[in-house]
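Both of the next two complexes hold chain A, though its partner changes from chain B to chain C.
The block that comes next holds the complex of A and B.
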């Protein structure tokens, strides 16, 4: 009898395993075909030059020594780091406000702040452009209402690009951080107040340690999302130098049709992303002592 | 209690206190004196306002009217961190990212207690709650009961004038709960600390309290020692909420008799007559349900007195103690 039962259990387990593989397989094949293969292909291609045989570092030498291209890389890093830091700081402040201030205003903001997530990117960018350009809504209102000639000077420069990036990323980060803050029970904070901690002390000793992981995750998401940003820089910056790498990639691919250099830009962007991917994986996988059961 | 304490000044006074929520719920005109070394329990069903009162003492809710004083000083306007109270919450709210030692040391560090003194006090407190050796562990590595011991230790280390406990044991297993009860009584007696305890568990309230405040719908139904409240409930709500009670309608009111006050006999000399519906033996006593007309009367009878009785037997019930609630006091 026990043999029969054991065989039955084995068969059942094998069937479960097979159906699990069957469910995973389609997604796996798609990933293999349209993600893994192109990546490998691009990496290989980035080490070649058109019309020449064999392996070469020429493309990378070009991007890292040509002052214009190097400036693009450094500019991209600058914009992405500033965007990540600012949107994380603003989003953290917003999320804290929404979590701990219970008022009509906070309730209203809590309902409104996700709206940007539902507006298609291009639409949003054009809307903002119409508002902030030197002949835009702000400028006209200033003239109309106060008789002042005011030009925001936010087009074709970094300030405008950062403004737009924050417009997109603050709600997103705030959403992630809000979820983390919602997971901190009131009684944790009340008990800290109870034993004598003031508000600032509660923030430093309770809220930050309990939410920092998700704050880091939000920051890395913003970082990674913006390394490959194209629409925003393209519409706000046009062809102003230095360029974001997304535009640089577009130029190599679409304007110059230089697939090898385009591949090299892609790999460079991927490497920049992988820095934050490491931070992300590290902060996610590192189980702090207190999280172990 | 009242005669003993008239000469002693109250530790905690709640004076004509009102706290209303936006939705209209809340408590109004609450008056309560708690004396030094006393353990007072606020007992009532959920939503009766007991936790509201506790939270106004702790400073987690602002009061709308009246005052709260400790040793004669008003604390009504102080924020929680400035009040000489310490609260133990229902959820084991140890800070998960801090070790047990850090949890215990946190409040003392804020008070700038010298390190040597702090270490020594933490060790003594861990000994008192039976948790020596857990200093380096994290809260998630402890059981619920252990976490609540640490939470109590954390509050006691700050030497509060009044210790507030908000259903501290209700998330624990029945067995641990009883054990924690006993330990709380021991610790309370050892330290002579003033305690306000909130619970919806009447057995727990009976077991630990010097005095019980029975609450219902934001109102004090009765304040008294456990024995007063059990033996002489002043309202039908109290009679019903504390222990088990049989209610018998009579033309001028309601007669209430506890199951253990009833005895069974054969013949017709008793106060009530009926026949036995069920007999359940529950250890040292048996619960006998007797059908008397439309009513079912519950009697708790010693096991040795159950010999010879069977379901269906005609029975006569007599009782020694009763409470009477005249019709006008019945809602």
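The block that comes next holds the complex of A and C.
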């Protein structure tokens, strides 16, 4: 009797497993085909050179020794680091304002700050270009208000690229940080204030430690999201040297039709992203070590 | 009145709190909404010469121009077509997976879950070029299926993760109750589980739809010249058309977003909107 029951339970479990796999499999296969397979392919291709047999590091040697290509890598790092630091600082300030200042204005901003995330990227870029270019709104405003001929010179300039990156990334980071700040109970801050802690003291000893992990997460996301940026630098920087790696990759693919070097650029971008992932994991581990004490 | 324009006097007049509010609001609106408002204004301009800030003449001349351009209008149609097909395809493939992930514990579950995030870990432009090479071999370059698959890369994560969360919040007991009174598994899913998960699925659908409408790089690499969606056309429009025509076109791209956002707010609320991004 118990044998029959056991068999029945076993069969039921097996059926459940089968139906789980059957449900998940189509989507998993699609991901393997259109994401995993191309990535693996790309990594393998980056170690080959057309017309030659076997594996070689030639592509990587080229990108890390050719001064022009090395400048592109360093330029990308510079833009991405500045973007993530600035957007995290501004987003933190915005999130703090939204969380701790209770007014009609902060409620209004709280409603408005997520909408830019939904505006199609191309539209946002074009709107900013029309504003910052030398015949754009800023220049026209300067003439109208102060009677000065002013050319912002932001187009084809790193400052313009950074401006656009901030436009895209501040709302996103502010949203992630806001979620963390929402988890800090009001009562905790009030009790600290009651026993005489100043605003700065509360911020330094309570709010920062409780939100720093999510701030780091936001910064990492911004970092990773911008390493592979293409559309923004393509439209704002054009072909100014040095280039973002996304443009460099597109050139290798579309201009020179060198698939092996294009693959190598994408692996280099992936490696840069991984560095930030390591920082992310490290900051999580540190948190754990602190919790143990 | 004009003494208010002096920041120091203004600060003394309104106090610190109001001044902070005023300062943050001004900077926020100028930076994020200034460019968008300007573009909205230019979409209804006819003449906008330097150095005028406000167009000399308003009108619908450039709307007529855009509406009369065949390539531009066909891009509008294609964008909607790809967005609808991508959404339906993703629904068909991802909903079962979302349900499977929410309801069953099986070996490899975490691996499957995270595989949908894989496309975010590798630089998109590198992924697209690699797919481009694969498409050349498979003769998928410039095909309808090829473009739909490229669009799905960005949307599958939403379509799996958000409905998965929605399905797991439906209590198993509710399903079991339906099964006890004799409903089959499929009927239970259709009559009990699905209706309760609809808000999550709706959010995922809207993300997928908007994500597909917004996709530019991938379609540029594998769809052109056979298929040109609105964002792909924008690359040309920005460089080749005057600012008024481009503004009209940009506004036409934003309209579906606004309509869907209004629907989204009505049906699922702002918390759900934000929750979708936290998984990114």
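Descriptive notes on the structure:
The rule is short, and it goes like this: the second predicted complex is superposed on the first by the 259 of 293 C-alpha atoms of A that agree within 3 Å, B and C clash if a C-alpha of one lies under 4 Å from a C-alpha of the other, contacts with A are read in each partner's own complex, and residues count from 1 in each chain.
Note that a contact is a pair of C-beta atoms (placed from the backbone, for glycine too) under 8 Å apart; a residue touches a chain by one contact, two chains touch by 3 or more.
Since the structure is predicted, the reported quantities are computational estimates derived from the model, not experimental observations.
Chain A is touched at more residues by one of its partners, and among chain B and chain C that partner is C. By the touch criterion stated above, A:23 is placed in contact with chain C alone, chain B being left untouched. Of the two partner chains placed around the shared chain by superposition, chain B is the only one that A:206 touches, whereas chain C remains out of contact. Judged by the touch definition given at the top, the superposed model places A:119 against chain C, while chain B stays out of reach. By the touch criterion defined above, A:193 reaches chain B but does not reach chain C. With both structures placed on the common chain, the touch criterion links A:67 to neither chain B nor chain C. Across the complex, chain B meets chain A through its residues 58-60, 79-81, 85-87, 89-91, 93, 95-99, 106-107, 110-111, 138-141, 151, 154-155, 158. Taken in their complex, chain A has these residues touching chain B: 185, 187-188, 190-198, 201, 205-206, 209-210, 288-293. Across the complex, chain C is touched by residues 16-17, 19-24, 26-28, 30-32, 34-39, 41-42, 45, 94, 97, 101, 103, 105-106, 108-109, 111-124, 126-131, 135, 137, 139-141, 143-144, 167, 171-172, 175-176, 179, 221, 224, 227-228, 230-231, 235, 245-246, 249-250, 253, 259, 262-263, 265-267, 269-270, 273, 277 of chain A.
On chain C, the positions that touch chain A within their shared complex are 17, 20-22, 24-25, 28, 31-36, 38-39, 42, 50-53, 93-94, 96-97, 99-101, 103-104, 106, 112, 115-116, 118-127, 129-134, 149-150, 152-153, 156, 160, 210, 213-214, 216-217, 221, 231, 234-235, 238, 243, 246-247, 250, 253-254, 257, 261, 270, 273-274, 277-278, 280.
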